[in-house]
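Next, two complexes with chain A in common: one pairs it with chain B, the other with chain C.
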Partner chain A sequence: MLFELKNVYHTYMRGTPFATEALRGLSLTIPAGQTVALVGPTKAGKSTVVDLLAGLIKPAPGTLFYEGADVAASSFDSERIRSTVGIVFQSPEAQIFEETVGKDVSFGPRRKGVSLAESRRLVQEALETVGLPYEDFRSRYTYALSGGEKRRVAIAGVLALQPKVIVFDEPTAGLDPRGRRELLDLIVTLKKRHNLTIVYVSASLDDVIGLADIIHILDRGRLVFSGAPREILARADELAALDIEMPETARIALALREVMPEIRTDVLNLTELEEEIVKNASAPSAQENREIKAP
Partner chain B sequence: MLEVRDVTFTYSTQEGVPPALRDVSLRIEAGEAVAIIGHNGSGKSTLARLLAAILRPSSGAILVDGMDTAAGGEDRWTIRQRVGIVFQNPDDQLVANTVIDDIAFGPENLVLPRFEIEERVQEAMALLELEPYAEMPISDLSVGQKQRVAIAGVLAMRPRYLLLDEPTTMISGQIARNVLETEQRLAREQGIAVVHITHFMHEVVNFKRVIVMHEGRMLMDGTPEEVFARAEELHAVGLDVPMVTQLGQRLRARGWTKLPEVVLSVEELKAGLCYSS
Partner chain C sequence: MIELSRNITFGQYINNGSALSRMDPRTKLICAVLLIALTFFLNSFIAFAVFLIFCAILQWASHISTAYVLGSFKPFIGFLIFIYIIEVLFYYAPPGQHQTVYWHWAFLTISREGILVSAMTMIRVLFLYYLVSMLMFTTSLVDITDGMEVLLSPLQKIGIPINAFIMVLVIAMKFVPIFVAEVERLIKAQTARGVRFDQGNMFQRIRKLAPLLIPLFVSGFQRAGVLSTAMEARCFGGRPGWRRSKRRVLRFTRFDALVLAFTIAACVIPGVVTIFAPF
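The block that comes next holds the complex of A and B.
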């Protein structure tokens, strides 16, 4: 197991009148090589988990295991986490600070002390991976990039550090549908090409249904339930009660329960929903002789 | 009335840079609720900035209640008071430390008497259900709450026309639906003309009028039914009709002919599929 959280608590501003409990006995696992989604409404504790995985905070109390080792143990070298976990924060454009694309992406490798030639190779590879041709982009000013390009540069900056895990914290917020699609496709490509573990944090299931191997549903600092995308969608009524945004197909299916009590909500696309409705509705031929119910 | 007459707008004077808006003409009446949809780069935000007199047309004219936005003098101040704009990111327009101070900022700068400022602030806070947060620091609010404060701040200026540029990109779920409901209510109950700019097709369903922008031109202008009936044209410019509409079309093709040609809501879908025995 790459990461394991065991009964983890975390309180921000502990000991002050502003103390807020962000995690309250959270237990979950993140297996290596998988895409794991953390989904929950506001204040579920998602961003606190990101801080934990980044090594920015420690569980108190509770235990975080990294490859079986307790990260709070005095023998644990926290560099191990920092050098293997890359974080793409919410509004990734905020983590770009250099003047040019090349300088920004090479910032990480240079701090790690790799040679100039090696750094150049890493930057080139990272930029090509995110779809920004090296020769074209390396001297471009970062302030003049479009929103989508900035996001890609931020991701390239993380990739150039050669992480084993990349944590994405609501990466599609603020993108239009086309930009969103492109970013999700990029994550799939990254995972395949670099054999990464992906942790994807989101308030909505929309992005992760087609992406994740496992989805953990969080609420108020605890794990509510986990499962594969289809298992999660089957519990649409519970998701609605938690105010978690569902894909439109599942939302339509759930709303149709009123007239089709047996309809399944674990539909992954429009065609599956269509078939599910056909199965549950009275045949249209029989409708000809019947009266429409008053609206 | 907002009137756009043959407006073309170009950001750059350089050769070869295409205009962001080309030959657009339209009218928006008081009390109308209009949704403008299009991809990034379609010209929708440029149109909003032109209507708010932040930008001036390269050619053509924009009239707010008959006043030209390109004219200077007193008219410009009147236009600024009548047209309010809410930007995509609320942090771009929140200026004060607390919720109540931020909402009061606009009316204070109109040099209104104290009792009127208080009345307007209270009214705006009530409309956006912000009373519990009145004394809270802006920095402690969630993005959705900030978005509501930004809208309240603009409403306290009592605009006749309210432009919202992608107000739901930073928020989602129930909060986004609340913002959309508030917009409809403002148009219905306060007679404010609301212009909602978005790239989400499902958000335009409740507007009586939908304008589709593509590459700086107005591609369509009609009711949601009229617009969604042209699904293929929408698809060609990278926009899709809402899922419930697509589903209605598929089910109609499979024999559920009692469904309307353009299904706009799950309720319509239910009614079309459900018959008494």
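The block that comes next holds the complex of A and C.
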């Protein structure tokens, strides 16, 4: 198990009138080499989990195990977690702080103290991986990049650190449909080519249903349930109650429940949805009620 | 370090529905000005002790936990102690005053008068800090600026653009938490990429903060640009004869009159004490 959270609590501004509990007894696991999605409505504690995984905050009380070692133990070197976990924060373009693309991507390697040639190689590799040609982009000003390019540069900056795990905190927020699809494709390639563990945090299931191996559903600082994408979609009614956005196919299936009470909601694509509808339409219960309400 | 904005509590409004937070901001501002003037006027330890009783009543009326308010003093205590030591060592008595010297070396002196006068200064600073933070704890930013606008509006008659000044003040205050959040984000981003803000000696740490400044300035100017466009798009200012109306009307209630009377009493009693007190 790469990460294991056991009964973790976290309170912001502890001991002041502004104290807010972000995590209340959260327990979940993130296995190595998998794509794990953390999905929940606002105030579910998603971003707090990100900070926790990045080693930016410590669980109190509760335990976070990284590769079986307790992070809070005095023998644990927090450098270990910080050097292997890369974070792409919410609105990653804000993560860029250097003037030029090359300087920004090489920031991490330079901090690590690698040689100039090695740093150059890492930057080139990282930029090529995210689909930005090195020669073209390295001397461009970061302030003049488009939104999608900025995100790629931010991801390249993380890749240049050669992490084993990359945490994405709502990476597609604010992107147009094309930018979103390209980013999701990039994440799939990253995982395949670099054998990375991906943690994907999102408020909507739409992004992660085709991407994740395991999905954890969070609400108000606790784990509600988890499972494979299909298992999660099967509980569409619970997801709707939690205000979690679902893929269109699942939404249609859930809306059709009114006329087809037996219909399954764990449909991943339009073909499966069609099969499901055909199967249920032939059932006698559906014949009686022909009025279909718009979803 | 990471929880920067969440750890800065000075001046954060606590909306707990206490009588103080519901008061007319104009009254609160007048009272605050009177009390602040009082701390400068008071010159005796007994008078400050009397004043402390008043502060205790204020504290009780605010319904804010005393431990919390005292906790907000913590970051300044070290600084104040440092200032106190310097003050005592370099105390310069006015000519003609008798000095009881306890210790003397080159230009450093510890005298009875030095200790007492410096202690008075420190007490004054603590009271000032307490009063200002109490005003901020119990009054929202909107209330403070509304109150100030009304109280300063006579100056408008002699051609000082109070509305514009207040707007500048409001924007400046609103930008503080935005900037803090921005710094926090930059710190997080740089931490995630290998900078260790929590390691090294003081000078190394300060050096690590320098790369935060440039992106902070850039985003600050970007925000200012967006804000000015948004204000113009909503027809803010510019035309002759332009003035803003208010949706909220400030009301001076009986409770306000009571508080004002009480504050004046609180000013007079220690004021009289300070004139006649032997110590």
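We take it that the second predicted complex is superposed on the first by the 281 of 295 C-alpha atoms of A that agree within 3 Å, B and C clash if a C-alpha of one lies under 4 Å from a C-alpha of the other, contacts with A are read in each partner's own complex, and residues count from 1 in each chain.
The rule we apply is simple: contacts are C-beta pairs under 8 Å (C-beta built on N, C-alpha and C of every residue); 3 or more make two chains touch, one makes a residue touch a chain.
If you're wondering where the values come from, they're calculated on a predicted model, not measured in any experiment.
Undergrad: Is it chain B or chain C that touches the larger share of residues in chain A?
TA: Counting contacted residues of chain A, the larger count belongs to B.
Undergrad: What is the contact status of A:Asp51 with respect to chain B (first) and chain C (second): first, second, both, or neither?
TA: second
Undergrad: Would you sort A:Glu274 into first (chain B), second (chain C), both or neither based on which partner it touches?
TA: Touch partner of A:Glu274: chain B, not chain C.
Undergrad: Given the touch rule stated above, what does A:Glu245 touch, chain B (first), chain C (second), both, or neither?
TA: So A:Glu245 only meets chain B here.
Undergrad: Taking the superposition as given, does A:Phe107 touch the first partner, chain B, the second, chain C, both, or neither?
TA: The second partner, chain C, only.
Undergrad: So, A:Gly179: does it touch chain B (first), chain C (second), both, or neither?
TA: First partner only, chain B.
Undergrad: Enumerate the residues of chain A that count as touching chain B in its complex and touching chain C in the other.
TA: none
Undergrad: List the residues on chain B that touch chain A in their complex, please.
TA: Touch list, chain B to chain A: 39-40, 88-89, 142, 169-170, 172-174, 199-200, 202, 238, 242-244, 246-247, 250-251, 254-258, 266, 269-271, 273-277.
Undergrad: Please give the residue numbers of chain C that touch chain A in the complex, ascending.
TA: 2-3, 6-7, 9, 12, 14, 16, 64-65, 68, 71, 185-186, 188-195, 211-212, 214-215, 218-219
Undergrad: Show which residues of chain A lie in contact with chain C when the two form their complex.
TA: So the residues of chain A touching chain C come out as 12-13, 15-18, 51, 54, 56-57, 82-83, 86-87, 89, 94-97, 107-108, 111-112, 143, 157-158, 161.
Undergrad: Considering only the defined contacts, which chain A positions touch chain B in the complex?
TA: Touch residues, chain A against chain B: 41-42, 147, 173-174, 176-179, 203-204, 243-245, 248-249, 252, 255-256, 258-260, 270, 273-274, 277-278, 281-285, 287, 290-293, 295.
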